[in-house]
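First chain written, first letter: the chains are A, B, C, D, E, F and G, and each begins at residue 1.
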Amino acid sequence: MIATMLAISVVLFAITIGIAVLRLIIGPSMPDRVIAMDVIGVNLLATIGVVSVMYGTKAYLEVILILGILSFISTIAFSKYIERGVIVERKRDR
Amino acid sequence: MIIPLLILVPFVASLFVPLLYTYVHSKKIGWLVLPFPLILFIFLCFQIPKLGAGDSLFYTIHWLHAANIHFTTHLDGLSMILGLLITGMGTLVVMYSIYYLSEREALGRFYMYLLLFMGSMLGVVFSDNVLVLYVFWELTSVSSFLLIAFWHQRKNSRAGAKKAMLITVTGGVGMLVGFLMMHQMTGTYSIQEMIGMAGTLPAETLFVPAMLLILLGAFTKSAQFPFHIWLPDAMEAPTPVSAYLHSATMVKAGIYLVARFIPVFGESELWFYSVTFVGLITLFWGSFNAVRQNDLKALLAYSTISQLGLIMSLLGIGSAAMLNLPGVDKTLYTAAAFAGLFHLINHSTFKGALFMIIGIVDHELGTRDIRKLGGLAIFMPITFSIALAGSFSMAGLPPFNGFLSKELFLEASLAVQQLALPGVHVWIPIVAWVASVLTFVYCMIIVFQTFFGRQQQQPAWVDRGAHDPQPGMLLAPSVLGVMIVALFFFPNVLAKWIVQPAMGAIYPSFGNPETLVPHIAAWHGFTPAFWMTIGIILFGAVLYIFLPQWRRVYTIAPFSWRIDTIYTLLLMQLEGNSYHLTNKYMTGHLHRYFTYIMLFFIAMMGTALSLVWRLAFNFSEDSVVTLNEYILVFVMMIAALAILFVKSRLIAILLNGVLGFTVAFLFVVLRAPDLALTQIVVETVTTVLFLLTFRFMPDWKKETPRRPVKMLNIFIAVASGLIVILTALIVQGNRLFEPISKYFEDAKTLTGGGNIVNAILGDFRAFDTMLEIVVLFIGGLGVYVLIRLKDKKGGDQNEDQ
Amino acid sequence: MPAQLLLNLFIAFLWMLLIDEDELRFSTFYAGFLVGIGILFFMHRFFGTRFYLRRVYAAFKLLFIFVWELIQSSAVVLRQILSPRLKIEPGIFKYETMLRSDVEITMLSMLLTLTPGSVVMEVTPDSDALYIHAMDVQESREGLLKQLKNFEKAIMEVTR
Amino acid sequence: MKINDVILQTVTKIVVFIILTFGVELFISGHNDPGGGFSGGLVLASALLLLYMTYDIETVHQGIPFDFKKIAGLGVFLAVSSSAIPMLFSNQFLTQKKGEFALAVFGNTELSMVLLFEAGVALTVVGVVVTILLTISEDVS
Amino acid sequence: MTNALVYPVLIPLLTAIVITFFRNSLILQRILSFLATASSAGIGVYLLMRIQSDGILRLDFGGWSPPYGILFVGDSFALLLVTAAATVTSLILLYAFSTIGESFEKMYVYPFMLFLLAGVNGSFLTGDVFNLFVCFEVMLLASYALLVLGGRKVQLVEAFTYITINVLASWFFLLAIAYLYGATGTLNMAHLAVRVTENGQGAMLTIISLLFLLVFSLKAGLLLYFWLPGSYSAPPAAIAALFGALLTKVGIYAMVRLFTLVFTHSPEITHSIIGIMAALTLIGGSIGALSTRDIRQIISYNVVIAVGFILVGLAAGNEVALQGSIYYVLHDMVVKAMLFLAGGLMISLTGKARIGEISGLLKNYPSLGWLFFLAMLSLTGIPPFSGFIGKVLLGEGLIEAETYVLLTLAFLSSLFVLYSLLRIFLNCFMGEAVIGEEEQVKLKKSTLFPIVVLGVLTFAIGIGADVLAPFVNDAAATLIDPQSYIEAVLDKDWLLKD
Amino acid sequence: MNENEIGEFIGALLILFGGIFSVISVFGIIRLPDVYTRSHAATKSSTLSVLLTLIGVFLYFLFHDNFVSVRVLLGIVFVFLTAPVAGHLIIRAAYRSKVGLADISVEDELYEVLHGDSSEKDEERM
Amino acid sequence: METLITLLVGVLVMVAVYLLLSRNFVRIILGTAVLSHAIHLLILAMGGLKKGGAPLLTEEGSNYTDALPQALILTAIVISFAVTAFLLVLAYRIYRETGADNLDNVRRELDD
């Protein structure tokens, strides 16, 4: 029962990711794509969580956190790039 | 021990002379050089009796045990002749140079090269080990190069030096290969040991190639047709050099080599044909071309070619004595070899004298052009006398030594008719005779067009101060002039003491060499040879008188051809074609290079795979795939393919990032948590790097390669993918062994770490990790340097120090 | 608040020493902490500030409000997505907040953004107003404003 | 209108600590769990990256005034020289000799050459990644 | 256990790291870096002696016995190359001291050179295929950095080509390692040899070996040398010399090692392909050397020719040929360095880089001219310089193997070498001097010194080839019969177990 | 069914809800008309679904292994903290880079402030 | 799973090779990035997939997946990161220096 629920949800997440990739490809605007990427990252993170449960292992819990951290960082990087072109300034507000 | 020293002395001297020259900066330096060849000459003279008794001197200094190359010197009759020529002519040439070269020249360098040459040449003739011989052989080419290019400011000097070097080194390389083949057949590099095995060699497959390659070396060095073309250009060297290297000694090295190898190859008919006919053709072509020269030095160059051909053909005929032909009187042919050796010496005397004379004329009058010269006999009587002796000797007139050897040559050419070999009966005597006629003609040109006639020019010569040079300059040619005459009267002394031991060296299997030495007499009856000589003189005189009339022959097709043109064309074609060819594929375009590499990959792997398609695929080991994994992998494929089609690079970067994240997820699925961790961070940082560097770059434009290029690219991409897949599937289906990884599962007890991957990285294979962070460190520093160190000049100058 | 927390920890530690067991135990520390809470509640007026657990309580209340709003508005958005025809009128409007400090502004914005139907687009340079994009301005402005007030009040309970 | 990054900056202040702590934890726990010097270092570097993106190079430099090239160099030096140390005790190069003493702070963590080695790895990673990021950024802006 | 085996890598590595901290003290940088390379060379000699007495040496890193850990294996072949590499590098360093310029010195040029040497030596010594990859990368990264140092446009462009092609090559390398591991389950070269022999080198393993061939061909410039002339002629002379002397040799070494130790069972396929590629390389290099008037390009094409020449010996595959190849590799390292340095000096003194733009340098810089001449003779294989003995042995080997086409091409190529360099000598050194005494840039003795030493070396190797002989013979013997290598690496019980 | 199994079941149920929510919200990403509205679906609905899932995972480990996963907790906190910031930043970037609002939008009080005076020029960089 | 991953690797290789064959710097560098994904997956697949648990001895069970390829990939990842960083910065420098974003243009400029 639990196994089925987990299997279904993993497939659901996979579908989510697939659709997000579609959005990433078709856009149309750049922020759309970044949003899609963010969605993909966060859903991958969730999937890893579920997979951990399915495999019954704690080996991947670090991966969850790290994926959270880095999908955040890349989203910020992209937003800054879109907004300002520079993602690391030497001195703000010059 | 003494022979190696003999070789070493000039080398050592060649090092010290330029040093000395920095202190003794004057012409006197030549006097310091003179003792070296003189002492060596005297020393060699003292060895003559020993050799006359049939002895020979061997000495071995061990050099390369590994390659069986030892510095074995061998002084026998044959090398003695050359040794005497080298040191004797060396002495005279140095003596001559002292007066000939002006103080302004780089005398230190000149004598250095000259001594270098002398040592190398002695090395060539005294070496028993062919590889050591080769060492010195190439050194003679090098020193010749340096001497020809002595006045390197002149374009022609450089061109001449280059040509000589290229041709002789080419021959040398061929010869080296020939020696190596000999080694393969005989297991030795010693000439004497090869001679000992000569009987078994002709059966070997390498026999003929080895022979031809060694001949190539000999022919190029001795300026045999068609390799003779370097010799006229080598006349750009100072005249003493021409006299020494390019007529008396270096060009004789090839002759020496052929004589040396007669006992090894003499039994081969091919050898006989090659040596004889190449010699004859050279003889003819040289004399034929000498006639049309206007530059006295060029004339002498062609005459040298011709004479070298003569000697070569004599050795060829001489080798017939080795042919196992029934009913042949061997002494008929050994006499030819004898004649060859005899003429070898004679040629050095008269040609050396002539070169020196020409040098004097050039030195005194500033020109060597026959058309501008004339009537010098009155002004330069001594010079004229020596010239006369030299020329008449060369023409084969008595009472000069050339007459004797010419007679012997004509006899040898007639002796060939006794041979039961096709193609030799008619041609050899005819060519010999024709060439001799032409030789007579150009000798007359030297004498009569330089020293007689053109009376109208005389006042000009008086103005220019035409007179015999200072006595010192005449000393060397005078010595030679005396020898020219002396040898005519006492040829048999030379024959007994010098030539006879050499005959023993050429025909070691023929027993007592005394039997091989004919008695030389100026008069030996009304033989066919005598009539031929008469004919030569008559026809020669006629031809000389009517020279202006028949000179246009030289403009008719086959005679107007110059082998030089082929050389020039060859080099030009080589440079031009190589330029075009190389530029065709070395375009500098990266995508072209990638195309080559991938095509090579596809061709090689594709061929290999198509040959072994029978290798079974085996999917039974495959682990299960869940639905979500199928979906994700499919999505990854879509994302990857989409990279190719997106119109903005930012999207491509995003897709690559997504790809990276999903790869990380696959790492999770495939039980590799550490990989997943690292992959995620690295992917993000890489993406950030992309973004950081992008700001200034324009977005990518759609690349529209031409259709065939595009199809090719698609083909390459698809084929590469398929090859990777197929190979992987084959490997997965046919694992041969258990991986060694089971061992690492004891990581906890072995290293104390429970994370096997980290135990491998931090302990089992810590060295990889250490170097990997070194790589990272270099990368970091590299990036820093790349950005910080900028080319301040901006432009692309060669300020690269 | 930090001072009170530190004191509480000190009391717990003291308690642990006083009990003087053979080994260190978390349960002992926990007991000491509870004792400390009692003592501090008794004494907190001497510090001239609010009892620190009140803030903790306020934070929990904020969290609860937030989760409630989250679920509510999620439901709204999900319904909108799933409805056969989109009937939304999105738009951007400005909201002037009475919150001032960075932490307050941030908390408000995050809460707003997390709850469906609204995203904070800009904070004015002086941090006195927010520009908010709403999924359905007309329909949810009322609700949104109410939500904003709720959040503001709850945040101030925690921060002030 | 000037950009007001108050939200990002406030959150980053908290988040960076989570990331840094996590990075250190990854580094320490690599012995038995996923992690280790490399991923730990990378995470630390990404925390710094976040700081640089949120603030700016000069501001961050005031708080963390290191020359990251030197940090990287120190890291490599640590890793390579710790590999060489065993040779001084006539062991093979790269013998990761385990010490017997335990560090009170981290419980019974074995202090071994591995730890020194891993510390070197982590420092190198941090140093190099930040150096690269900063070098480019300073050139770009 | 011989820790000294790691010193040729460790010493340059540690020194490089340490001197990055002393960016601005140039004297210290110079002293330390020279000491590091010179001592590496010394250790190389010491280890060669040790091998003569003790046989093949090995060092298991961390004490993990093969095939589990990584180890260094020191046989004569490896250590000859290590010694030569370190020696040549130290001389190039000396040259760099007086020519490279302060801006480079402050930009870590010495650390990069030392890293390069460490990577090169590691590649020679390692007994593990994957570690070989890593060592390659150390070397490559250092070469990338050195190539761009100075930042001239042409350098940057050539660097991009060079790097991307090497990235592709590295990718192929990993691909090959992946397949090999999948098939055999091991990475240790000796263990690979055992396993491949045990199973017989079937079609699958041969296919994998072809992939290795591709990789090393790219690195060595065997047939796939497009990247070479451009990238070797872009950087300053000292760096170009380092590249010319060391980089291709590593690819050559790896190819020789793997195809004499592991993939030895299908020579009719693998060695034939190597032969064909070597032949084409000889032709392409020879043609290329004549195609250009750029001095550095000419020298670079000579690098290509040498690659073909050396690998002809591997194709022939007999002991004499391999001896010849080994001699020739050593010779080429010395003389290529010499030639690049001399060529670089010409260019820096005149500011011009093409034949026809320079003339009569012999008058201005006679010593440089004669050194160049000497290098030319040596490279042509004219005795008694170092090229001769290798050429002779190679010739013997090729005749023994009856590979006459290769023989012909190999020996013809030396004529092209001669001609291409003769063009430089005749045109640039000889002829009317165009630079007057007053405008002539002074040539420092310290600049010339390393070239002189290299010249002495090429002469000494030629004359004293017998001193090298025991080492070269031992090296070739190990290559021909790798059993001693395998037994030195794998303990007895391992050989039985497997 | 003991209490652990109930806990595990609840965990799994939360995970399933998370999955369902995520699909629905991503459906929104496809359906909604402009980037601003799509961001609503993304930042929250998907945040919600991920939070649900992670809580499920946390509960599952709690009950199945008696394991308090600090990492998952941290993960939850992290997503909770960062998701809104990320959403806010993307939307701000979108607006500042002049990605247009959907036609159905009814008001825009920011337009005048940001793009009215074209003193700040932000050309599109993608 | 091995076959599936191998197919994915094949597709990635196709994409990467096609990218490498273009002229634009960024495309080429992207090609190398995709190539590195492909090789990492392939190395993993060569060790055999899902044949056991994650190679952590703290995990229950006695069957572990092959850890060696994972270690190799980690090394490879680091190296390819270093190279990619260098290459990217190089492309950036070339662009700043010459204003060209592909090699052909730069060559053309250098030739003039």
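Everything below uses one rule, namely that a residue touches a chain if its C-beta (ideal position, glycine included) is under 8 Å from a C-beta of that chain, and two chains touch if they have at least 3 such contacts.
Remember, predicted model here, so these are calculated numbers, not experimental data.
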{"item": "Most remote chain, CA-based centroid, reference being chain E", "value": "C"}
{"item": "Central chain (distance from its CA mean to the mean of all protein CA atoms)", "value": "E"}
{"item": "Centroid-based (C-alpha) most distant chain relative to chain A", "value": "B"}
{"item": "Of A-G and B-E, pair with higher C-beta contact tally", "value": "B-E"}
{"item": "Intercentroid distance (Cα basis), chain C paired with chain A, Å", "value": "26"}
{"item": "Where chain A and chain E are represented by their mean Cα positions, the distance between them in whole Å", "value": "47"}
{"item": "Interchain centroid distance [CA atoms averaged], chain B/chain C, Å", "value": "92"}
{"item": "Whole-Å gap between the CA centroids of chain E and chain F", "value": "57"}
{"item": "Sequence positions of chain D contacting 2 or more other chains", "value": "1-3, 7-8, 11, 15, 18, 22, 26, 32-35, 38-39, 43, 46, 49, 69, 73, 76, 80, 93-94, 96, 128, 132-133, 135-137, 140"}
{"item": "Two or more partner chains touched - positions in chain B", "value": "588, 590, 594, 648, 650-651, 669, 671, 673-674, 676-678, 681-682, 684-685, 688-689, 692-696, 724, 728, 731-732, 739-741, 744, 754-755, 761, 763, 765-769, 772-783, 786-788, 791, 796"}
{"item": "In chain E, residues with contacts to at least two other chains", "value": "13, 17, 20, 61-62, 130, 134, 137, 141, 144-145, 148, 151, 153-154, 160-161, 164, 168, 175, 178-179, 181-182, 187"}
{"item": "Chain F residues within the chain D interface of the complex", "value": "74, 77-78, 81-82, 85, 88-89, 92, 96, 113-114, 120"}
{"item": "Parts of chain E lying in touch with chain G, wherever the complex brings them together", "value": "130, 134, 137, 140-141, 144-145, 148, 151, 153-154, 156-157, 159-161, 163-164, 167-168, 170-171, 174-175, 177-179, 181-182, 187"}
{"item": "Chain B residues within the chain A interface of the complex", "value": "626-628, 631-632, 634-635, 638-639, 642, 646, 648, 650-651, 654-655, 657-658, 661-662, 664-665, 668-669, 671, 673, 676-677, 680-681, 683-684, 687-688, 691-692, 694-695"}
{"item": "For the chain E and chain B complex, residues of the former touching the latter", "value": "13, 17, 20, 61-62, 64, 67-70, 99-101, 103-104, 107-108, 111-112, 115, 118-119, 122, 130-131, 134-135, 137-138, 141-142, 144-145, 148-154, 160-161, 164-165, 168, 172, 175, 178-179, 181-187, 191, 195, 199, 203-204, 206-208, 210-211, 213-214, 218, 223-224, 226-227, 229-230, 235-237, 273, 284, 287-292, 323, 344, 347-348, 351-353, 360, 362, 377, 380-384, 388-389, 391-393, 395-396, 399-400, 407, 411-412, 414-415, 418-419, 422, 426-427, 430-432, 465-466, 469-470, 472-473"}
{"item": "Footprint of chain A on chain G - complex, ascending", "value": "53-54, 56, 59"}
